[in-house]
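Two complexes come next, and they have one chain in common, chain A, joined by chain B in the first and chain C in the second.
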Partner chain A sequence: MSETIWVIPLIPLLSSVMLMLFGSRLKITHIGFLGVASVGISALLTLVLAVEFMQNQQIIQESLWTWMEVAGFAPGISFYFDGLTLVMMSVITGVGFLIHLFSTEFMEKDPSYARYFAYLNMFVAAMLVLVMADNLLLLYLGWEGVGVCSYLLVGFWYQHNANGQAARKAFIVTRIGDTAMALGLLLLFTELGTLDIQAMVGAANQTWQIGDSIPLIACLLIICGAVGKSAQLPLHTWLPDAMAGPTPVSALIHAATMVTAGVYLIARTHGLFLLAPTAMTVVAVIGIATSLMAAFTALMQTDIKRILAYSTISQIGYMFLALGVGAWSAGIFHLMTHAFFKALLFLGSGAIIHCLHHEHNIFKMGGLRTRMPVTFWSFMIGSAALAALPMTSGFFSKDQILLQAYQLPDLGPGLWMAGLLGALLTAIYSFRLVFVVFFGEANTEPDKDTGWRMAVPLSVLCFLAMIGGYFMIPVAEVFPASDGSHPAHWVEYVSISVPLVGLLVAYLVFFNRRLNIDGLANSTVGKSLGNFWLSGWGIDWLYDHLFVRPYYGLANLLKSEPVDGIYGLIVALNQTFNHWLSAAQSGRMRWYLASMVAGLIILITLAANLPTGVLQ
Partner chain B sequence: MIMINLIGILLIGGLLAMISERFDDKMPRKVAMAVVLTDLLYLLMCLSGMPEITQLQAPLANDPSTWLMHFKSDWIPAFGISIELALDGISLLMVLLTLVLGAIAISASWTDIVVRKGFFEANLLWSLAGVLGVFMALDLLLFFLFWEVMLIPMYFMIAIWGHENRGYAAMKFFIFTQASGLLMLISVLALVAINHSNTGVWSFSYFDLLNTQMAEQTAHWIMLGFFVAFVVKLPGFPFHTWLPDAHTQAPTAGSVILAGILLKTGAYGLIRFAVPLFPEAALNFSYPAMLLGAAGVVYGAVLAFGQTDFKRLIAYSSVSHMGFVLLGIYAWNELALQGAVMQMVAHGFSTAALFMIAGSLQERLHTRDMRQMSGLWQQMPRMGAVAMFFVVASLGLPGLGNFVAEFLVLLGLFKVNAWITVIAATGLITGAAYSLLLMQRSFQGEVNKKWADHGLIDFGSREMLTMAVMMIALIVLGIYPQPVLDTAHPVLQSLLELTTEPVNTVAEVVR
Partner chain C sequence: MDGLNIPLNHILLVSSLLFAIGMLGLMIRRNIIFILMSLEVMLNAAALAFVAAGAHWEQPDGQVVFMLILTVAAAEVAVGLGLVLQVQKRFKTLDMDHANRMQG
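The block that comes next holds the complex of A and B.
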């Protein structure tokens, strides 16, 4: 297996191409089979690879061909495989396979079934290229590739303008980050002469000292790319809108894999970030700020998918926090557990939406506990893991992040406390969702229950969300070892108990209603604050007025081509002269005689005034 | 002789196509297609007998014997004017692009042209002949002659077979190119005169005129004459305003040739003449030229975003993309130049395809106004999917040719000036904005009821075949561009050597 890792992304790619070319002629069952099986084979091959890797810990490098070779710039179509790659590949193919299986039932009635699987397979291929690339340019290919697939899938139901709008927003906002990242690539190549990640980090360590300004600029540019893709402040605004896509897409792309690409990118280039401590602080601050902002926003949402979207933004904030404090493997660990429980929650919400006539509003659901038991347990487990209740997978990963954040000198305790506030909010909003949707009065009757193709992926993900915390991710060789010290025990106890407090609050407010917050919510301050959070802190409004409208205005202003005005002036000038001169040719003898005489007088006067000698 | 034959086949083929209309009015397009394919085949056969271009030594700019092909015969010996044609890697790439896109243009005219079909195909072939001449002529007067030859048939194509406002557009096109052509002619004559006063010999040959010694100021002004002529053609900001009108009004095949090939003659002229003939003057001018390039990238993208006319939007996107070519040329290092050459090829395919889609829409809907479209994917999924492919190609998706081009340009440019690179890179964002808007307004969005009972016909096999050629070309250019890079490499290498000295000074000036 280790000689041919390139077939792993190739299989879904081929399947995607086949679906694009022949999809309209294939039967539904064949389309589904092709779509699921291709990712399934990739998952199996990844498993084989994982077993081999566990035995020999062998890093694999494979080069297919040189992409282009110009004046010393020679990135290859070549792959690099280590423990980090393995974790990412396992998540992509494993969770990806489950979501593909789920989709066969979810999308069954859709007339564009083949197009859906073509895009989804293409996405898996691009995402695999992203994590397997051995150089930043090939990574960028995967990076943009997943961006386009995300655009295509968010706008999958293209007949609604709003979906197209959301899709374009997703692409363009991330493109802003991507462009900055491309500039980072230009800078790194210009300074170091290679984009091959391992060689580049090596060269960087030889060329630069810790704290130099060029690695700082390069890291900041890379952060821009990561922030765009991973929906962190200030480029997070596209993710909630991206929920316009089919729900399994949200599970795969906008929860489990693509949005964590930014985390992967920073982890992959951590050697560079270690040279720029300021950049790491920036990452940590962005992470914690995003995490809190999104948690408050999630608290107020009523659309089930938007709650999950903001919670994704918030959880990726934790991963950024981890990266920023140098807890690299904790960040990647949280990436993995988050992929399990967030895919589970999204698929669960997909099942609800599927069975409840496309209802998205949680207050129109209610009482689903008995009628959709599989989904109920999925949400219970998923929310417990999301809230980081003890012994769930989310607990292990989030706990590691918070404890390591605490140990950071200076900023540490502050980051830790902010992180705890986020954890409290997370527990409240996740159990608010559970209590409102699954308990209480039934407002909408489901018209069906989930079939096996939905139930199996949900069950498997439940299992993973429970036990994922006991997995050992093989990244010890990839990242520098942490010093292994532990903070005081009380820090640990507080970290464990905060989510439980959140659960209690949610229970009191949304389940037995002992705690009445209506008065608070209806007060002027409460209301305006609530609306402020509901709108995502008004950031969309701000961007709309700061960037979108001025750009439309500018385009509108220039539409009629002001530059052409200059040429229009030349034309007008010509026409005026033409007018004068043709007016002179009036055909009247008197006018001709008069102008001849006038001309003669002028000539004679001129001649008389000329210095002598000129005329001789 | 091969090069004379290449041009001759097209010229005579044009006559044949015109005459063939007398027998059957479906004949001209078949004849024209046969002629172009024959030409292409002939070229490939001749090439197969030659040494691999990559194995050739770098063709020394001033030694014709090192070129892939060279032909010289007296024309007006008294003034040193000769029929001198030569082919090196870059001209070869351009000639191949011309013939392939020529065939694609004929395919685009298949059902689009309904009147005077014979004369149309004749004009098309003659225009191609002129372009081939431009790419191969190395006698400056002959070059000027071909420069004019390619324009006149193009003028007819717009003026006779164009859309509602064709008269205005054709005249504008003609005046812009004539005026700039005149500047070039004056510059050519001035250069020849200076060479004559230096050496006492009349010669219009490129090889004799290279390294002509002259005063710095003189060189600057003569260089500017060439520069303006070529930049008008490119088109570079602010000389681009003829392009949107010409494109919008031209028949589809005309747009394909205009965008795919004619624009590239401007870029070719800059690489072949404007810089090498006046290395010092040209590279001292590189800063303003790069600023114009960056301005074109930004301005073209913003204006494209504001358009409601499908074809006009693509026309402005060309202004933006050609800005990258200008940047690449004046950054004048191998990375950037390779990017510029790559952009010439990749943009040729991606834009030609988009214009064909625009033409197909106009043929079916009788409008180019995107406000009348919306949701066309529903009825024409194949056309929609193809459009999506070329839209993402044009916004620079990695894995397709345009990305390689733009990335190489930016990479080369970054070494020269980081800030201009930043400005140019914003084109990647604004490019995405207008490209996706095009897609949204035409193929996506709510299905427009207006067309529901029109029975719109999706792309048929002829159209899909044509599109497939361009798609495959872009994919190959995107993931394995090496053949193109290798073909251009020796030429760029020798051009860079020719101008080595000034490059350093420019780098210092710019920094």
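The block that comes next holds the complex of A and C.
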């Protein structure tokens, strides 16, 4: 297996191409089989690879061919496989397989069934290339590949204008980050002469000292790329709108895999970031700020998918926080557990939406506990993991992050406290979702319950979300070891108890309504603050006025081609003179003669009146 | 020189008067015949000025040029009358303003 890891991304790619070419001629069952089986085979192969890796701990480097060769620049189509790659591949193929299976039922009635699976398979292939790439250029290929697939899938129901708008927004906003990242790659290449990640990090350590400015600039540019892809401040606005796509797509691309690509990128180039401590602080601050901002916003949303979207932004903020404080493996660990429980939550919401005639508003649901038991338990477990209740997977990963953040000198306790506030909010909004949707009065009647193709992925993900915390991810060789010291016990106790407090608050407010917040919510301050949070801190509004509208204005201005107007003036002037002069060509001899005589008289008069001496 | 001693200025005045009359005729007449005649008047006005100048400075050049002008005028009339005939044939009129088909 270890010699042929390139097969793993190839299979979904082949399936995608086949679906694109012959999809319209295949039967629906065959399409579903092809789409699911290709990812399933990849998942199996990854499993085999994982077992081998556990036995011999062997890093695999595999070069297929040279992509291009120009003046010493020779990136190869080459793959690199170590513990970090394994974790990412397992998440992509494993969770990807479950989501594909879920999709076969969710998208059953859709006329573009083949197109959907073609895109989804292509996405898996591109994402695998991203995490398996040995050099940054191939990584960038996968990076752009997943961007394209995200665009195609967000705008999957392109018949509605709003969906196309959301797709374009997702594409353009991430493109801003990608451009900065491309600049970062160019800088790294000009400085170090290679883009092979391992060689590059080695060369960087020999060339630069800690705190030099060039690695700082390169890291900041890479951060820009990661921020765009992972929907962090200030480029996070595309993710909530990206929920316009089918729900399984949101689960796969916008929760489990693609949006964590930024986290992977920073973790993969951590050797570079260790040379630029300022850049790491920037990552941590971006992470915690995003995390809090998104958590506050999620508190006020009413669309079930937007709640989950903001929660994703918030959780990726935690991962960034982990990377920023040097808790690399904790960040990757949270990436994995988050993939489990967030995919679970998204698939659960997909099941609800599927069974409730595409209802998105949580206040129109209610009382679904008894009527959709599988979904209810998925949501319970997913929300518990999301809120990091003890013994769930999210607890282990988030706890690690918070404790390691606390140990950072200077900033540490501040980051820890902000992280705790975020954890409190996370617990409140996730259980608000559960209590509102599954308890209380029933407002809508589901017309069906989930079929087995939905129930199986949900159950497997439930299991993973519960026990994911006990996995040992094999990244010890990849990252520098942490010092292993533990903060004081009280820090740990506080970290554990905060989510429970959040659960209690949510219980009192949204379940037995002992705590009435109507008065607070209806006061002027509460109302304006609530609206502010509902709108996502007005950032969309700000960008709209700062960038989008001026751009439209400029485009409108340029639509009338003002520069061409200048040349048009020259043309108009020429035509006018042409008119006048061609009118003079009347063909009447007598006119010619008369004008000649008149001209002559004028000339002679002028000459006669000239001061003496001028004509000499 | 003996005989009539007319001052040069007077002759030149007559000459320019003739020239102006000819030119005016050229400008306001439409009939080609009259135009040709006006041209003739203008040529002769110039010729008169030459002769007068030649007489004044007692040089033969003035009369030589007069001979030249006479020849040119004869040739011009020959060609001009030929054209007049053609115009009459084609347009059934001698009005110059109707013969402006080459208007640009």
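Methods note: the second predicted complex is superposed on the first by the 567 of 616 C-alpha atoms of A that agree within 3 Å, B and C clash if a C-alpha of one lies under 4 Å from a C-alpha of the other, contacts with A are read in each partner's own complex, and residues count from 1 in each chain.
We adopt the following convention: contacts are C-beta pairs under 8 Å (C-beta built on N, C-alpha and C of every residue); 3 or more make two chains touch, one makes a residue touch a chain.
Just so it is clear, the structure is predicted and the values come from calculations on it, not from any experiment.
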Touched partner set for A:Gly145, first chain B, second chain C, both or neither: first
First (chain B), second (chain C), both or neither touched by A:Gly164: first
Chain B versus chain C as contact partner of A:Leu186, first or second or both or neither: first
Which superposed partner A:Glu561 touches (first chain B, second chain C, both, neither): first
Intersection of the chain A residues that touch chain B with those that touch chain C: none
Sites on chain B touched by chain A in the complex: 237-238, 240-241, 244, 299, 302-303, 305-307, 333-335, 338, 375, 377-378, 381, 385, 388, 392, 397-399, 403-404, 407-408, 410-411, 414-415, 418, 421-422, 425-426, 428-429, 432-433, 436-437, 440, 443-447, 479-482, 485, 489
Interfacial residue positions of chain C with respect to chain A in the complex: 23, 26-28, 30, 96-97, 100-104
Of chain A, residues touching chain B in the complex: 20, 24, 65-71, 73, 77, 137, 140-141, 144-145, 148, 151-152, 155, 158-161, 164-165, 167-168, 171-172, 175-176, 178-179, 182-183, 186-187, 189-190, 551, 554-556, 558-559, 561, 563-564, 566-567
Partner chain C, residues of chain A touching it in the complex: 582, 585-590, 593-594, 597
